[in-house]
Structures are given as structure tokens and as C-alpha cells.
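These are the structures in question, set out in turn.
What follows is a pair of complexes built around subunit A, which joins subunit B in one and subunit C in the other.
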Partner chain A sequence: MWEQIQINKRNSILLLTGMALFLMALGYVLGSAIGGPKAGWLGIIIATAVWFILTIISFTSGDQILLASSRAVPVDANVHPQLFNVVEEMSIAAGLPKIPKIYIINDQAPNAFATGRSPQTASVAATAGLLARLNRDELQGVMAHEISHIVHRDILYVTLAGVMLGSIVLLSQTFLRGAYYSSLSNRRYSSGGRQSSGGQALFFVLAVVLSILAPLFAQLFYFALSRRREYLADAGAVRLTRYPEGLASALEKISSTGISMESANAVTAPMYIVNPFRGKNAARLLSTHPPVEERIRILRRMSQGISYRDYEESYRQVTNRSGIIPPSALKDEPAAPRTPSVPPAPPPNPFQVNRQIGDLMRKVNGFTFLPCSCGITMKIPPNFPAPKAQCPRCGQIHTLRSQ
Partner chain B sequence: MTGTMWMWVLLAILVFLIVIVISIYNSLVRLRNQVDNAWSQIDVQLKRRHDLIPNLVETAKGYMKHERETFEKITEARSRAMGAKTVAEAAKAENALTGALSQFLLVVENYPELKANQNFLALQETLTSTENKIAYARQAYNDQVLFYNNKIQMFPSNLIAGMFGFTKRDFFEIEQPAQREAPKVSF
Partner chain C sequence: MITLEMDGVEADYCLACRGIWLDSGELEQLLQDTERARRLLESFQPAQGLQEEPRPCPICRKKMEKVSVGPQSCLVTLDRCPKGHGLWFDRGELEIVLQLGRFDPEEKIPAFLGKMFTSPQTKDNSDNP
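Right, the complex of A and B next:
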């Protein structure tokens, strides 16, 4: 996989410079449009400064920004021991230097993503909806996919690109709004000033067009490679778990739930294992993820082996295309898949799922779970004022620990 | 004039070769460290499994009166694994322990009361996870050994490996025919 890591590192650098040039051009045009031809250079300087600051921010705390904007909460092992175990298993299988930090997102929709700058500083996040719906093997498949993103260094690329995209959108939106409101009041920017030259008007039109198109282009740039990364992460996940069916059935469950994620947005969407938007919203971002049905079919075809070569072969049979796996990974040793570790169980009903999501979020938010001898479990909020609580069914008094 | 130029060219080539040798040597050392690290990870997980077993047996014993044989097998394999003197002995005992534990996890399905016990469910998850971690640590070790052995055998790194005494490592083989069978998926 070294070749893929190299490619991703190179792409990250290319992306950074590409976005920087783009920001500078935008700065020049916007500067000229606002303050005349001489202000164009000032625009470049400002844009460069913005780019410089953003790059520093995205290197040092880009993952934190993305996690916070997805409303992910850091948790410890007591909240969901199985999630921690599964992430540790996959970190061992992938030989990661450190187990990633684990976050839970309060969202009904099942989904997950990984972020960070390097394998040493990586984080993985799963939604409560995901944890409530998947069994152990499926959860393992999903986490293996995320760990593969970490191993392939996709996380840095996505973090850098996400912050850059966000800043271009911000800059364009600011200009468009400013232009819109000033044109409402006195048209100062376009025709005001002493020299209402044709040049400046031209720049103004250019600036408006660019401000509308820039976010679209930036998004295209951003999405261009994310589809291939998803296939590669699937192949990597199968290689780690040795069990294609786990990921396949997880993808099936995730995509069959018709709930859009409330905590996802256009910038964070490509990070998720499956496109977080459903229905109307999905069309807009259709190109970020390869079709899930195709990914599932590829995985289900891999019954005889789990190496990268087997994935490539299966990919070719399903899509009639080839070359998804970099050549260096195709020299991989063949290995056989393993048997399922959990016995097949009936799917949980929606009532159970909602109940589990509720309990999980109570644990995340620091509720105390107090089992009473009469059979019910009392769930006490962290800010419960009294030192004792009475069981609502049998009337037994429980003493709460320390408070 | 041309003499000094040739000297410079030779010097440049020499420096270039030295840099290449250093970088190959460093990558070999890195790979060898990764192999050692993966090996120690297996050790860590095996030890974790030994620590887990008394607790597990204690919790499950009361519910599973008819499975004394299974428990005996587990405790016996554990004490043999802990007292093993050689690597071959340890590998044999650990494989026996893996077999006994996977049988235990199968038998558990027949005891619904046990499966309703929260304590036991937590233990079962820990056991399943530890078993997985051992398997994945082995897998990672074998992957690292593969990278390392390939590097040692391939040109030009084989020359440097020979010079500095990098030797081939052995794979961690396990005998489990059940794991080699493809799973049957029915819809």
C-alpha cells in the first residue's frame, strides 16, 4: 500500500497548492472589483494571508473543527465497550502506532467517519444510530473501513480539503452578500468612485461569476478523488477483517435506513462511509460516494479470497472497469476469508433501536444507570440534585454515589 | 583539468551510493523493528487472555454445571501455556486454549440464563475481543514478516541485508482447518 500512501501525500500537496492559487486568483478578482486595479494586489496579499492562516489551522486543529461541526463527543470505554474493542482490534490488525480517539455522534442515522492529520493523531466517530443497528461483525467492517482511511492517509487530504473548501465558500458568500446589499443601496462598488472605468465593471462581473462558480469548482476538486478512496478503503477493510460479508451487510443496513444525517453538511459529507444525505439532498452530492449497491455487490462476490487482488478481480466483474487497486498492492499474498464470529440474529425492531440510541446518548451525557432489584433500571441525569432516588415501581430507596 | 573533473564525478557517485546504502539500511531496520513490535503485540494479547480466564470460569461455572469438561480443558491449557518453556510448547498450548475457548463460546448459546447475565455478557465481549486481538496480532505479524522477508530477498536490498546480517523471520502458522474454509452465506 506504500504507493497509495505516496499518491495521497502528493495529492495533498497538489490540493494545497491548487487551492492556494485558486484563493489568490479569487482574492485578486475580488480586490479589483471592490477597490480598482491597484487593490487587486492587496486582494492577493489578503488571500495569501487567509490561506496561510487556514493551512496552519487545518494542520493543527482541522480534525477538531470537523469533529465539533459534526457534533461528535469524545467518549471513554464504559460508554460502548464493544466499539472500543473493535477499534482496538482493527488498529492491531493494521499495525497502527496508536489506537485512534473515539467519538460518538448523537444522530439517528447510521454513519461513521475518520479524521486527523496522521495515524498518530487520528480520530474515528460513529453515530448512535450506527451502534444501535449493527452487530459485532458489521461494526468491525465499518471500523476497518475507517482505519483503512487512516492507514491510506486519506484523512489528512480530506481535512485539508474540507477546511479549504469551507474558506472558499465563506469568501465567495461574503462577497456576494456584500455586493448584493450595496447594489440595493447605492451601487457604490460597481459604478461609484472617481474613475468608473470599464475595467472595474468587468472585474465586478468576473468577481460575481467567480464567486458563484468557485464553491462548485472547489467541490468538484474535492470530490474528484473521494470515490476511488472509498473503494480502496473497502478493499483495505476486507483485508483487515478477512470477512467481506461484515462490511457488505453493514453498508446494506446503513443505506437502507432512509434517514438523512442532521449533523452533516456539504463540507463533511465526503468523510462519511456512506453519503449522509438521503432523497432530495442526495442528488446534490451524488458524486462524493460510489453507489452503495455496487460496493455491496463487489464485496459479496469476494467469497474465495480477501486480498487486494481478489477485490480488484471482483471489482472488474461487477463494474466492467479495472485498475481500482494500485499495482504495488496487487502483489499481496492471498488469504482466505474467516467465518462469521456472531451467530445470525433477527434484525432489531425499530422500538429496540430507538431505545438503544436513547440509552447510548444518556451514557454519553453522563447519566447514572441504577439497576433496581425489582427488574427496572433507573437512569439518573448527571445534574440530579437529591442524594437519594426512589424506584418508581417498587418504592425502594437507592443511594447515589458521591454527590 | 579533466582529471579533477573525473575525481568530482567519482566522488559524487560515491556519495550517492553511500546515501542509497544508508537509506536501504534504515528501511531494513525499520521493518525489522516493526516485526519485533508485532511479535510483542501477540505476547501482550496472550497475557491478557491468561488474566481473563479465572474470572470467566468463576462467573460461568454456576450456570453451566454440565460443562465441567470444557472448563477443565480451559484451565489446563491455560496453566500449560503459562508454564511453557519453549516457543513451540507455548504455541501448542495457546492453540489448545484457543480451541477450548471457541468451544466454550459455542456451548454458551445453550444457556439462556447465562446469556441474560450482564456481568457475563461483558465478559463474553471481552473474551471475543481478546480472541480477535490475538488473531489480528498474528495476522499483522505475518504481514510484517512478509514485507520484511520480501525486502531482504529483493535486489538491491538483499546485498545490504547480507552485509549487515539481516536474517529471514518465520511466519506464525496456526493449525485451524475451520478458519480456512470459506463461509457459506445463504439468503
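Right, the complex of A and C next:
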């Protein structure tokens, strides 16, 4: 897998260089248009400073920005002990130097992603909808996929690209709005003097150029986050869990839920294990995620063994394409799959799933759960004003945990 | 407002005023019958000529609309979120609504609510409104 790690490191450097060149060109054009050729150099200096700040931000807190924009909340083991248990288990299996920080996203749609700068500073996030729907084997498959992204260093590139492209989108929108409002005010209040028309024409051209460039950059980002990355993380997950059916069945559940994620956006969408958009929004992102049915078919064909070589074999048979696994990884030792750890169970009904999602989100948001001996469970919000609560059924008085 | 759960059925309950909030979908769960719940929900009429202050929806804080249900002689007024987040029943209203409309011949809900709110204190208070 070292080839993939190298590719990701190289892509990260290319991305940073590309961003620097783009900003410098922009700074030069802006500077020379406003104050002549000498000011163009000043523009470059300012652009370099902006790039420097952006780079520092993406390295130090890029993961935090992406997590916050996905509305992910850091949780402790009490909120979902099984998730912690599974992440710990898979981190040890993958030989991560540190167990990733664990986040839960308040969203009904099932999905998950990983982010961070390095295996030492990685985070994984799962939605409440995912945790309520998957059994242990399936959750293990999804977390192993995310941890494979961490091991392959996909997370560094995705985090850098996310922050850089997010800021380009922001810039282009600022310019577009600026151009729009300045044209409005011009029409309405200006006498149509010629002095300002040069500056405004420039503004317009910039706005147009940026608004064309921004989606192009976004597309580049999507292509760079190629399907290959997802296949490799699937192959890694199978090796970690030794149980291809777990991930296959999880992917099936995730993709068969027809709910779009509310907390995902165009910049964060490629990070997720399965495209978070459904319906008409899904098509424009088709290039970022390989077809889920294909990924499931590859996994289900792996009945003989769980090594990279077995995945490669199955991939070739399903897709009729040449291989996908880097040559160094094909030398790994063959191993047999394990048996399921959870007995097959009927799918939970939608009410149960909603109840579990609700309870999970209450725990994430700091609610206290008080089971009363009379059979009722009281769920008390963190801002409950009184130190004690009386059970409305049996009258028993419960003391809330002191703050 | 706290949430109460018993035997897999959930309701939000105000300890101060003893009103009950049902999220959208929870009535169906209480009735264990989506068809019956749909009929009940469709029988709601916008309430007219009321001076009551509108309550904010506990989820979106938008002003809820007053709806009435039941025969003219015994009209009950409820609060419904205009965005469809759920329904607010003042103290005792949920039982009345369900008994009025005979929407629950097996009495699942009164039985559940009876089970949930049978504390002596609750009974005492319901005698002097």
C-alpha cells in the first residue's frame, strides 16, 4: 500500500502548489489592474500571505472545520459503547499509533467519514442514522473502511482539498455577490460617470472567471478523489475485519435508505463512505463514488479469502477491468474469512430505528436518562432547571447528577 | 419538558403544566395504526374566534396554529405546528380527543397514559384545575 500513500502525499503537495500558483496569479491580475504593474508584485505578496494562512489553517484545523461544517459532535464512550469498541478494535488491527477521535453527526441518513492530518491526529464520524441501523459486523465493516482511509493517508489530501476548495467556492461567491450588488447600486444611484467603469468591469470579469473556475476546481477535486480510493479502502476493510459480508451488507443498508444527508454539502460529499445525496442531487456527484452495487458484488464474491490478492481477483471478475491493488500489497499473506459474530436478525421496524436515533441524539446533546423502578424512563434535557425530577407515574423523586 | 418512555412508546411531557407533546409520527406509534391516525389527523379543523395566545412549537419555535376536534358540544382545541413538527395537547386533552372520536376502541392509549400518569399527585391536581 506504500504506493497509494506516496500518491496521496504527492497529490497533497501538488494541490498546495496549485493553490499557491492560482492565488498568486489572481493577486497579480488584481494588483496590476488596480495600481499598475508595480502593484502587481504587491498583489503577489498579499496572495502569498493569504496562501500561507490558508495552508496553516488547513494543516492545524482543517479537520475541525470539516467536522464542524458537517455538524459532528465529539462524544465519549458512554454515548455509544459499541462504536468505541469497534473503532478501538479496528485501530489496533490496523496498527494505528493512536485511536481516532470519535464524532457523531445528528442526521437520520446513514453515513460515515474520516478526516485528519495524519494517523496521529485522525477523527472518524458516524451519523446517528448509521448507528441505529447497522449491527456490530456491519458497523465494524464501515469503521474498518474509514480506518483504511486513515492508514492510506487519504485523509490528509481530502482535508487539504476540502479546505482549499471550500475557500475558493467562498471567494467566488463573495465576488459574484459583490459584482451583483455593485451593478445594482450603479444602476440605481450612480449618474453613470466613466471613472468607475474600469474597476467595475474588472470586478465583473473576475467574478465570471472565478465562478467558472470554482466548479471546475470542485470537479478536479472529485476526480482526484477517484473511485480507486474507495475500492482500496474496501479492500483494506476486508483485510481488517476478515468478514467481507459485514461491509457488503452495510453498504447495501446505507445505499437503500432513500434519505439525503442534511448536514453534507458539495465540498464534504466526497469524504463519505457512500454518496450522501439521493435523487436529483446524486447524479452530479456520480464521478466521486463508484457504483455501490459494484462494490457490494466485489465484496460478496470474496468467499475464498480476504487478502488484497482475493479482492483484486474479485474486482477483475466483477468489473472486467485490469487490477486496482498496488503491486506491493499483492504480496500479503492469504487468510480465510471468519464467521459472522452476530446471528441473523429481522430488520428493525422504522419506529425502533427512529427511537434509537432520537435516544442517541439526546445522549450526544447531554440528556440524562433516568430509569424509574416503576418501568418508565425519564429523559431529562441538560437545561432542566430543577435539581430533582419527580416520576409522573409513581411519584418517586430522582436526583439529577450534580453539574 | 422531559421525555417519558414506557414499553417502547414515547411522549414528551411538561412537568410544570402536565401537557403532552407528540412529535410527528408519534401519534401513529401510540395508535399502532397509521390508517386510524390519518383519520384522526384529518378530522382536525382550524379553530375560529379564539383569544388564546399562540404557543411556540418546541422544535422550530414558530407560532403553532389552533385546531379543534370533536362535536360542537365538546370541542377540544389543540396546537399544531404549521411546519408539521407535531402536536401539543394541554393537560388531559389527549385522552379526551381519543375518547371523543372513539378512535381507540381497544383503549390502548388511555391504558398507556393511565399507566404512565397514575401518580397520586397527578390525580390530586387534576381535581382542581
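Here, the second predicted complex is superposed on the first by the 343 of 403 C-alpha atoms of A that agree within 3 Å, B and C clash if a C-alpha of one lies under 4 Å from a C-alpha of the other, contacts with A are read in each partner's own complex, and residues count from 1 in each chain.
We take it that contacts are C-beta pairs under 8 Å (C-beta built on N, C-alpha and C of every residue); 3 or more make two chains touch, one makes a residue touch a chain.
The structure presented is a predicted model; accordingly, all values stated were derived computationally and were not measured.
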Larger contact residue set on subunit A - subunit B or subunit C: B
Touched partner set for A:N354, first subunit B, second subunit C, both or neither: second
First, second, both or neither for A:Q390, with subunit B first and subunit C second: second
Which superposed partner A:R362 touches (first subunit B, second subunit C, both, neither): second
Touching residues (chain side subunit A, partner subunit B) in the complex: 81-82, 85-86, 88-90, 92-95, 136, 240, 242-243, 245, 300, 303-304, 333, 336-341, 343, 371
Partner subunit C, residues of subunit A touching it in the complex: 351-352, 354-355, 358, 362, 367, 375-381, 384, 389-395
Residues of subunit C touching subunit A in the complex: 1-8, 10, 13, 15, 18, 25, 29, 115-122
Touching residues (chain side subunit B, partner subunit A) in the complex: 34, 37-38, 41, 45, 109, 118, 122, 125-126, 128-129, 132-133, 135-137, 139-140, 143-144, 146, 178-183, 185
